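One chain, chain A, links the two complexes that follow: it is found with chain B in the first and with chain C in the second.
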Partner chain A sequence: MSSTTGVRPAAETTGSRGPVSRRRRGSLTKRVFGKHPLGWLLSAPYLIFVIAVFAYPLVFAAYISLHDYFFSAPGATVDRPFTGIDNYVTALTDPRVLRSFGNVGIFLLINVPLTVVLSIVLASALNKVVHFRAFLRVSYYVPYVTASVAVVGVWLFLFNGGGLVNSLLGPLAPDPSWLINSAWAMPTIALFVTWKQLGFYILLYLAALQNVPKELYESASTDGAGAFRSFFSVTVPGVRPATVLVLLLATVTGANLFTEPYLLTGGGGPDGASASPVLIMYQQGIQQGKPGYAAAIGVVLVLFVLVLAFLQYRFASGKED
Partner chain B sequence: MHRRTLIGMTALSAAALLALTACSGGGADNSDALTSRGDITIWYSNNEQEVAWGKAMVEAWNADHPDEQVKGQEIPAGKSSEEVIGAAITAGTAPCLVFNTAPSAVGQFEKQGGLVDLTTFKDGASYIEERSGDIADQYTSADGGYFQMPWKSNPVMIFYNKDMFAQAGLDAENPALSTYDEFLATSKILVDSGAAPFAIYPAPTSEFFQTQFDFLPLYAAETGGTGLVEDGKATFADEAGVDVATFWETLYTDGLAGKEQYQGDSFADAKAAMAIVGPWAISVYDGKVNWGSVPVPTKDGTAAEETYTFSDAKNVGLYTACKNQATAWDVLKFATSEEQDGQLLELTGQMPMRADLPAVYADYFAANPAYAQFGDQASRTIEVPAGSNTVEMLQDLRDVYTKAVISGDGDLTKALQDAADKVDALAAK
Partner chain C sequence: MAIRHRVPGQLTRGQSILRGVVLFVGAVVFLFPFYYMVIGSLQASPDTSLGGAFPNPGNITGENYVAINSRVNLFQGLLSSSIFTGGVVLGTVVFGLLAGYALAVLQWRGRGATFALALLVQVVPFQLLMIPLYVMIARNYGLADNYLGMILPFFINSTAVVIFRQYFLQVPKELFDAARIDGAGDFRLLWQVAIPLVRPALVTVVLLTFIGPWNEFLWPFLITKEASMQPLAVSLANYISTVAASTANPYGAMLAGAVVLAAPVVVLFIVFQRYFISTDIGSGVKG
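Here is the complex of A and B:
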């Protein structure tokens, strides 16, 4: 860039000021928008979408988390004093909030590994199936595209005291039953979400499996590897990028858990044992009119998820060095 | 590259700040709206009976007011009506009147600047107080204003399934349900005999509003009409509160009340022999359940004509987004006139919050004796605590209730006191 402007010094000193200022403007444009301003234009729709739907709400959430904020009618004169980190202090000392983070931690500990293991195993199996392939793929995908509201009723029927699961378990059934048992409510929700989301993650793995070279399996087979050995030595490393993606997506969606505790355990019961941070945010921000406090919980949740995602990316992607 | 990123981030931050500034900016000037007349929009509930009443009322008004036409709509769908209305207030798109404003949400709507104080109309306070009598006191704001028009109540009582009672060998016409001991003994017979899987099945879930259908009605009855908060202090950690909580805990511990969330109507589905519901349920259960109704129980038994309960009221709010508030006020008075209240009673079975209700509609109650008991009960109801923290107060109580009463975990007295301490702190704000 500097060489281009330096080849015609005479024009800058003897000619009119027009070309110089045009060149300076051009230089400023390039500095701001780079060598290909058209790229900005083409990506503008998505950029605007990201700013409007993600960046702005996030900045706004951080802003209102520092205020005694509430939503008001246009034109209403309201006082929303700056409160500093009061909302954060309240959130981080509120037993209900802390418990909700613990609950979601339990959820992630069950849901994420189970999702990864089941989806990779089932995707590998589906990849080898010859008959009914489309039928099986659709079968796994159906729960994912079905609204939680619709399937929650079925799970309530399955897991209630006199439900199918307890009938099968007989004396081994927990008392109180699954969804009203403090110890079992969150694991049951984790199981439900795993089942519901599995179809999506299976699809991701199925796509990734198409990129694992067949030759690797043939070589492994020539070296005497069985199916088990091939799975761990060829398939698992071969779909590692997909595994990182599944880990991240399952963590992010899991940390945002809301619908299931809202519907399946009737508002995070029993005694808050299945309350998630987002459910608490909903109660505080929407029902109780304290969006500032809810936003503080939300910002903490974002940081919590970012740390988790960073650790997963660092250690699961093979780039820890 | 780093520089470009920096510039980009600066631009983004500037845009965000501009947006934030825009958010806290001014808005429409509503000073003229109070006296302005013209077309208005109203929302009403989406149940079949209230839609029928709403349409008929709007049609009757429009026929006589060609220059002030009313457009009636069902409240848009959402998780709850309160959330939809709250969002509409924030967006400035609330209608002029909502004939389904929950008293528990009024404090927040008022704080949002979304509601018009009806006493700003010359005849506002007098109209409300003449129509509703003493019961209107429960709906005043802290400074004595009326940000809601007391409209209709659904005083909750105990519905019972006569066939199940008969099957259990109980007296189906005069059931022993007046005292806690009687209620528990009757419940045990119902379940032990196999007549019903559960005696009663109030929703055992954690939503704040469920308190209104188990603890609150019985507390109102036990105390003779004391609210959960009186004079800025929580009342429910007293002996009466402990007695009510102990009664419910016994029902849960003995397996007489269902602890699991039930999808559907446990009373209509014959999962429970009793339910706590208001008169709206009469038309719902008609032909499905052979039912009877009695007042909610108290520890030592209280005569029906002295028993209090929870109102389960829905009121009318006049919203500040309304451009023609003078018309809205007139429509509100028209919709709560003696004639329209009669129509409401006729079509929905819900009780207009009108002083001396049984006498005003004596013919209706004579022709519909099933509703007469509710008409009488409507004069002895209590409401949820007033103010902008109502929901949080109810949630605090619900949290300890689900733990100590439904799950039987912990000491009841301490649990109620813990909740009372939180409610006291909220009431002091």
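Here is the complex of A and C:
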């Protein structure tokens, strides 16, 4: 962000010196839109897109959540009474909804620390390697670029009752099996998502590692720090901005969880043990035709993400001291 | 990677070996499910023992691909996925490039705010917008079972806008100034100077944008009822969640479908892997 400002003002001042440019700056469009009104024209499609697909729906979601909203045919005028916070009260007293938020909590507790630790370790190992670099990088991000729907198929095959994982574990295999066991269903989903997204976070950390000054490693080793010591006192603090970003993105991914509980555990089973808020939104809003109720869950979910993101930012970026 | 001279505190031999082992085990963990996907899709009867992880000439068949194709029209699914993905890639390359150029090269009021917006949009949980977007697109505009409705929420990828901006910022400003002095207008400047210079960014952006719609499940699942409109991810998911249990070798057919869905993306990323590197992706999210 800082790079947008501070680069151009010099050009602005030199430009205003000549009489020609002074006349130009006086024109109305330039005063309203800035030096290059064309910038507005070129960005207009993107801005319209963001307003139509993000800004307006956000406001619309809040509106729907405050009404007894229901679906109707295009063009039909129907009465959708204002109901205040009724939808929120119903949502927050529904044990299924509360459980789904708890499930996301379990998911984040497993997924976020595992993601941060594994991706930082693998990225810094990969950063120093000379041979097979491209091969290793590609193999790490292949799960990230592949459709969830496709890899879910293999995980079902691996983790079903008689699957390869259980036949390797033998008597140690949980009974009932992973995805139909209410204690293991959510951790298995968390593990799946960690595995699937890790490659992307490794790329983010690899980019961050390029910005850690080499001199810091040299001075650390002059002070007698070994490889492990310099990992903790140079690498980890050096990539802190990336860690804040990874925490934020992993939390947003967790809040968005839908495909995995829908397919891996057959719709959030067993008995709601792996239901996510988005899955409940789909079931209540689209299947049961209660969009107001589903929109209220969505608004609560966003507030939940905002609070988590703020806390992570405070603690991970070290701003509190 | 430049040649590094060994300084004290650099990895010892043992530590280097440990690092190699960690990286190799990581690669196996990431790749094995893909290998197993292919093996499983070729098994005549599912073999979940350890031996089943190795190809067994007596148990190999192409039947599963025929079986999945009889339940899910693979060609139709791939065609739908391609139209959906093609629309998004086209929208992103055209309008994302224009926005990225405006953000990097031109000076206009609201530029900083627009850039902040492009970063912010990337952390909005998209699924929250599922209900309002469904009401608007499927109900109010009647665009259910329509490619336009499918493409609309993904039309311009914000990460791509930020990546284009980053590439345009790296072009020396003098090049644009020189072209202006030579009398090039704004559009000629964009078409003949700017775009040829950021050609590598195009490949990166196409790769990054491609995986979004190709792999997307929830949105096309919500707004398509007709089987002929469904992208392959949706029709395969429907097969997994409903019909799989009623077939003779459910896993074989499921994995055959998974291979067909995964193969185009995996091949694309292996062929163009040098364009999908860490610094671009890092700048795309962070700005």
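Quick note on the criterion: the second predicted complex is superposed on the first by the 271 of 321 C-alpha atoms of A that agree within 3 Å, B and C clash if a C-alpha of one lies under 4 Å from a C-alpha of the other, contacts with A are read in each partner's own complex, and residues count from 1 in each chain.
Everything that follows uses one rule, which is that a residue touches a chain if its C-beta (ideal position, glycine included) is under 8 Å from a C-beta of that chain, and two chains touch if they have at least 3 such contacts.
Remember, it's a predicted structure, so these values are computed and weren't measured experimentally.
After superposition onto chain A, the partners chain B and chain C occupy overlapping space and clash. Touch criterion met: A:W155 reaches chain C, while chain B stays clear of it. Of the two partner chains, chain C is the only one that A:A207 touches; chain B does not reach it.
Contacts of A:L311 after superposition on the shared chain: neither chain B nor chain C is touched.
By the touch criterion stated above, A:Q287 is placed in contact with chain B alone, chain C being left untouched. In the superposition on chain A, A:L179 makes contact with chain B only, while chain C stays out of contact range. Here chain B and chain C are compared by how many residues of chain A each touches, and C touches more.
By the touch criterion defined above, A:V78 reaches chain B but does not reach chain C. In the superposed pair of complexes, A:L303 makes contact with neither chain B nor chain C. In the superposition on chain A, A:G269 contacts chain B only, with no contact to chain C. Among the listed stretches 59-67, 113-121, 221-229 or 257-265 of chain C, only 221-229 clashes with chain B once the two complexes are superposed. In the superposition on chain A, chain A positions 32-34, 56, 60, 71-74, 153, 156-157, 160, 266-267, 286 are in contact with chain B in one complex as well as with chain C in the other. Of all residues in chain C, those touching chain A in their complex are 1, 7-12, 15, 19-20, 22-23, 26-27, 29-31, 33-34, 36-37, 40, 46, 48-50, 52-53, 95-96, 98-99, 101-103, 106-112, 114-119, 121, 123-136, 139-142, 152-153, 155-156, 158, 161, 169, 186, 211, 214-215, 217-218, 222, 233-234, 236-237, 240-241, 251, 254-255, 257-259, 261-262, 265-266, 269-270, 273-274, 276-279, 281-283, 285-287.
Against chain A, the residues of chain B that register as touching in their complex are 3-4, 7, 12-13, 15-16, 19-20, 23-24, 26-30, 82-83, 86, 89-92, 94, 108, 111-114, 203-208, 259-261, 263, 320-321, 388-389, 391-392, 395, 399, 402-403, 406-407, 409.
Within the complex formed with chain C, the residues of chain A that make contact are 1, 3-5, 8, 11-12, 32-40, 42-43, 45-47, 49-50, 52-54, 56-58, 60-61, 64, 69, 71-74, 121-122, 125-126, 128-130, 133-143, 145-158, 160, 162-164, 166-168, 195, 198-200, 203-204, 206-208, 210, 217-218, 220-222, 224-227, 230, 241-242, 245, 248-249, 252, 255-256, 258-259, 262-263, 266-267, 278, 281-282, 285-286, 291, 294-295, 298-299, 301-302, 305, 309. Looking at the complex, you find that chain A touches chain B at residues 31-34, 51, 55-56, 59-60, 63, 70-78, 80, 96, 153, 156-157, 160-161, 176-177, 179-180, 182, 265-272, 283, 286-290.
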